[in-house]
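Next up: some structures, all given as structure tokens.
Shared between the two complexes below is chain A, which pairs with chain B and chain C, respectively.
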Partner chain A sequence: MASIKQQFEIPGKMKMWSMTLIGVGLLALILGFITKGASSDVHEKAVFWGTILYNSIFFLLICNASMFFICATTLAMGGWSTTFRRVPEAISTLVPIFGSVAAILMCYIVLSGKSYIYNWLDPKVVADSVELKGKAGFLSPGLFITWTILSIGLWSLLGMKMRSLSKEADDTNFDSTTGQKFIWRNTVIAGLFIVWFALTVGSVTPWFWLMSIDGAWYSTMYSWYTFASSFVTGMALIGIWVIYLKNKGYLELTNNEHLHDIGKFMFAFSIFWTYLWFDQYMLIWYSNQPEETIYFKDRVQGAYKGIFFLNLIINFICPLLILMKKSAKRNYTLMTFMCVLIIFGHWLDFYQMVMGSVSRGQVSMGWLDFGIMAFYVGLLIFFVGRALASKPLLSRNNPFLKESIIHHT
Partner chain B sequence: MHLKYESQLREPLVYGEKTYHQVTEDIIRPIEVKPSKLWYIGFFISVALLTFGVYCIYRDVTYGIGQWNLNKTVGWGWDITNFVWWIGIGHAGTLISAILLLFRQGWRTGVNRAAEAMTIFAVICAGQFPIWHMGRVWLCFFIFPYPNTRGPVWINFNSPLLWDVFAISTYFTVSLLFWYSGLIPDLASVRDRAKTKLRKHLYGIVSFGWTGSTKHWQRHESLSLVLAGLATPLVLSVHTIVSFDFATSVIPGWHTTIFPPYFVAGAIFSGFAMVQSLLLVVRRVYGLQDYITIGHIEAMNKVIVLTGSIVGCAYLTELFMAWYSQNKYEGYAFFYSRANLFSPYGWAYYGMMACNVLSPQIFWFRKMRRNVTVTFFMSVLVNVGMWFERFVIIVTSIYRDYLPSSWSVYYRPTIFELGFYLGTFGLFFTCFFLFSKYFPVIAIAEIKHVLKTSGESYKDNMGKIEVQQPEEFAHEYAH
Partner chain C sequence: MAKKKFVVGCFDEEAVLFPAVKKVRTAGYKIHDVYTPYAVHGLDHAIGLRETSLHTAGFIYGMTGTATALGGISWILTYDWPLNFGGKPHFALPAWIPITFELTVLFAAVGMTLTFCYLCQLAPFVKKHHFHPRATDDLFVMVIECTAKTNVDDLQGLLKSSGAVEVDVQVAEEGWWIGRYDKDEMPFENKTAVA
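Our next item is the complex of A and B:
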């Protein structure tokens, strides 16, 4: 094989697209603020802040899923993904950026007491509710902000450490002893990340950010469900970047075998998401207790009915039927389609998780949602492109690279 | 040309200068010689336990399950605890054979055969509990949906207990097929080496006339993949449905949405612990340290620390939500009946936390993961802890009924409940002893498959490849 294209050059078209999307997004943001955010109608305000909130959390979590993927692979000593490892690394550089935006946003929402988003921020509502009064020790602005900053701060910090370790490997030739040491150092950071990930995404963080929108409602499954939703989207995001780079003639050593495995992850975790979805829904439906069914009552029987079932069709039926076949997972067109579909589908999932409670009984989906989404997609393209260009595309000294080159599913 | 390459950073899966012949020799030898004294002692203890178990069941059938200490309040006790415990243990085998096969994990080859056998025996043991708990066991065919003459009396499809019947019987069938189809080539190897006519004949029957032709292998490989695909959802479904037995109800402490995935994680946790307990003994007794290496043990300990931590995360989530929900009944179940050390069963909750959540954390340390004694001790501890988990869930949620007048006295099992449980141990180990005597405990064909990439003597040759540049390596591979 001739030389490998190591340097990603950001195409002009990509720059233009990202700037256009960011521009459209900013426009939507400003218009949204004028028409909704600054409106005197509480419902309009709720729609404005709610829309920004779910987009911020969604895009943060799906980028953080890339770092989760790297760390989980490291701990499992998985070698297969090494040829395209720089892609999830590049995506994960967005965690500090999206994280800061989300943290500022959420701190603002909490500190300014926007009780139309988090109902526990209203002292009157709390005083009238036995449940909210009882858990005021947990649902408090101080704890919320501390936990938010800690979550995002440590994800960013440990993610940075993982990426700098990977960069270090570019200038070092390992023999078996130094290679072992390198893997060991990776393992330690990855272990710390995973533990912190379990304590945040796997438990406490979604309770604060999302579940507490319905302050009185609770489900023990909620955080794992959020994790599954964001992780499968994260895999689709990795998939779409890998396909993009392949189409542009980069990542020569990544082939159908790798794409096939990314497809398997998308398939498997779509089913896993559905599994958690079913467990949560079925158990609440079966025991039929009003304090729990209230969550689904708004969604299954009210205005959100269409979105509720669309969510299942896009995120379960489609992956199940389309990604089942081996040839589909090796087909660029189909995989691109599925990646986009899954990202959209779980964006919709986050939409109903948040807006189903913020904008009760009235589906607010409209130009603002797509505008804010465009803003985030634009930022994502811009920053991932930049991160890809800043490092060689192949982690050429990684001890598992050769296994990855001959990877065969 | 590099299809046989594997990074030198990975430990060999097979130690020693092994050839294909040597592999066959090492693994089949224990089947061909007379069993050791130790085998006989173990076997007779197992049969004795089994006999006692059969006696206890006989008493239960003739006198009714009033022989047990169950009462109106604690209607589920040791029997259901033991049922869930055994079902949980029966999870590792299929996980290893199906999910790890789909993940292309080479290390599964050393342990899959014994783990699958263990699965099957554990499911047989588990099945005993609901069957004999029926009381009128001769009517057990009522649980099957068939055209009957009982008029409108029909099984209740809305009941998770019925879903159990389907889930477990499907799981058992697929696991059995998977295990047996994997055994066929190896049984043929035993047949081909047989010295006596009878032996040749018997192993000939059970190996279905396997010749080892390409066609046979081709079919065998595709069958394995199809069965792996079928078994993967089953690994999740069985314990999910077992968790539904509890979670669909409105009993405080049972009704919680996280139950299904957390039961599955717990099942894998206890299953791997049982695999460790069994294999640490087998590798020692049969001298199979070259095949079931420290690397294998370490890998399984990693699974144990992972699943143990997932379970821990779920325990704490549950406990937190009992408070967060501000539901008085949940609060009572968790903060009085369970997490209060001075309540009647508080000790069981703390025992569970110590064994399942705290103790596996020592496996974050490589030295501990690779220590055989520690591993063995831990594997027993984990299974004790997982037994406590089920006991805590079942008994502490029901022994204090809503009305204090219905509160139960301190529930402890009778000798017959205990004997029934011991009897299943007898059954389990009797089966396992027979299995290890008559079947190859390691998948010979699969070991041969990984030998040239992961065998110790082959890995030494890869030094040349390790120093190649990626371009050069990829170029050579492409041609």
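Our next item is the complex of A and C:
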């Protein structure tokens, strides 16, 4: 394996691009704070903080989806992803970074009582609402902050443990006993991560972070919807990094078969997302209860109508028709296009999930949204590039490596 | 119905089979089929089978199902016999989606199963020649079709040198005939004995 390029070197162009994007983003952040954040108009303030909030949560969750992918394949003994395992590992190094930013932001919003984002922070609103009075024990700043810090802390901690196990393997030559022990230790940590992931992304965390923006409204599909959205985007993110590295001449052992399987994940979870999208919509449409339909009133009939249905076209119709064929999942150009489209589409999904409630009746999409997105994309490119360069690109002693090299779909 | 001459080589390992397939194909022989106890990854590429078009058929069946469901339900519920369900509009599209989905899956599944049976000539009371009974158990059986130019001895030598555990020549019916597997009916007589 001496001929394999194992060391990623960050190209100058990539550094320049990430710095430019971060610069543009910072500029947008400062301008946004001056024109919107510091404005005396409550609506403008809400748009400023809401925009930062959905971007922070979106980019945190899609990076965390990478660790979910690693842990899920570990538990399922899925060895096929071993040749490019360092890519999701590198993406997941962002969880502590984006996590701290998101945690600080949400603690600030909750502690400063910004009730124009989370309406349950306003005692007057709570006093007038039967639903919010009933939820007062759950929707409290103390519980919100505790759960937020616990979620992000444990994701980071268990993720770090998984990555350090993988790094440790680089210098160990396994025989069958030590190899089995290594797999077992991976399995234990991955199991803990998945359980914690189910309790957080799979249930409680999106209730706090996103669903409680409409404090009185609830949907039992919501957390799974958030999970599906972030996981399919996470797969697209892994896909685009794999394609990038392949184009630069790295990851020689990763081939069309692996790309095909990443494409399958993108296809399958786009359908799964649609399934949850539709379930959430149809059940509420069918029962037609006023306290439930309030969420869709603004989105299906209000100002967000266009974005709401564009979201469905980008995230369902396009993946369904474009990614259906085997040859499409093995085509670099089409896969790149679909990765970008899915990442953008689910960013739009998070946009309407948050801003549809924060900025009711008026679509706030503008330069600030794209500026903050550029900021996060810049950070993502910068830190993922750095993480890729810090370790060999091939986890060369992983017991599943051979299975991955001869992988055939 | 046409009887043909086949050279049959049996292998007991996947790892031996692959290089043998490659050798036989490079030597220019036409592989009729390889019968294996389980689905072997990559063998379809190795023996040069073309991509199946079963999935294209499946897509068409699925679309037929979608059209049938949407067409049928909308005709019934908006034109033929409109009913008021809980004050919903007659054209209540979200409520139809589950049925549409199910009919799409049903049409695709049934259509693809029948197409698969047709393509593989599988049906009750349809019988085909089996080149080796152990192909369903533990043996990888490679069947090579002989043409007028085929030198059978050369081919048998090639198979043996590439690791075949059993090699024989069979004259057998290529297609199917009406018959039952629990009754031993042989429409051809001069079946060469297994070597």
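Structure notes:
By definition in this document, the second predicted complex is superposed on the first by the 407 of 409 C-alpha atoms of A that agree within 3 Å, B and C clash if a C-alpha of one lies under 4 Å from a C-alpha of the other, contacts with A are read in each partner's own complex, and residues count from 1 in each chain.
Criterion: a residue touches a chain if its C-beta (ideal position, glycine included) is under 8 Å from a C-beta of that chain, and two chains touch if they have at least 3 such contacts.
It should be emphasised that the depicted structure is a prediction, and the values quoted were computed from it without experimental measurement.
After superposition onto chain A, partners chain B and chain C are found to clash with each other. In the superposition on chain A, A:F344 makes contact with neither chain B nor chain C. With both complexes superposed, B is the one of chain B and chain C in contact with more chain A residues. When the two structures are aligned on the shared chain, A:F370 is found in touch with neither chain B nor chain C.
Touch criterion met: A:M77 reaches chain B, while chain C stays clear of it.
Touch criterion met: A:Y286 reaches chain B and chain C at once. In the superposition on chain A, contact of A:F33 is made with neither chain B nor chain C. In the superposed model, A:A198 lies in contact with chain B only, and not with chain C.
In the superposed model, A:I405 lies in contact with chain B only, and not with chain C.
Shared-chain residue A:W224: touches chain B; no touch with chain C.
Shared interface residues of chain A, touching chain B in one complex and chain C in the other, are 282, 286, 408. Chain A contributes residues 278, 281-282, 285-286, 288, 324, 326, 408 to its touches with chain C in the complex. Across the complex, chain A is touched by residues 41-42, 51, 55, 59, 86-88, 94-95, 97-98 of chain C.
Residues of chain A touching chain B in their complex: 1-4, 75, 77, 79, 130-131, 134-135, 138, 175-176, 179-180, 183, 191, 195, 198-199, 202-203, 207, 216, 218-224, 252-253, 264, 271, 275-276, 279-280, 282-284, 286-287, 289, 291, 394, 396, 399-403, 405-406, 408-409. Of all residues in chain B, only 2-3, 5-10, 102, 104, 233, 236, 240, 244, 247-250, 255-261, 302, 309-310, 313-314, 316-318, 321, 323-327, 364, 465-466, 468-471, 473-475, 477-478 touch chain A in the complex they form.
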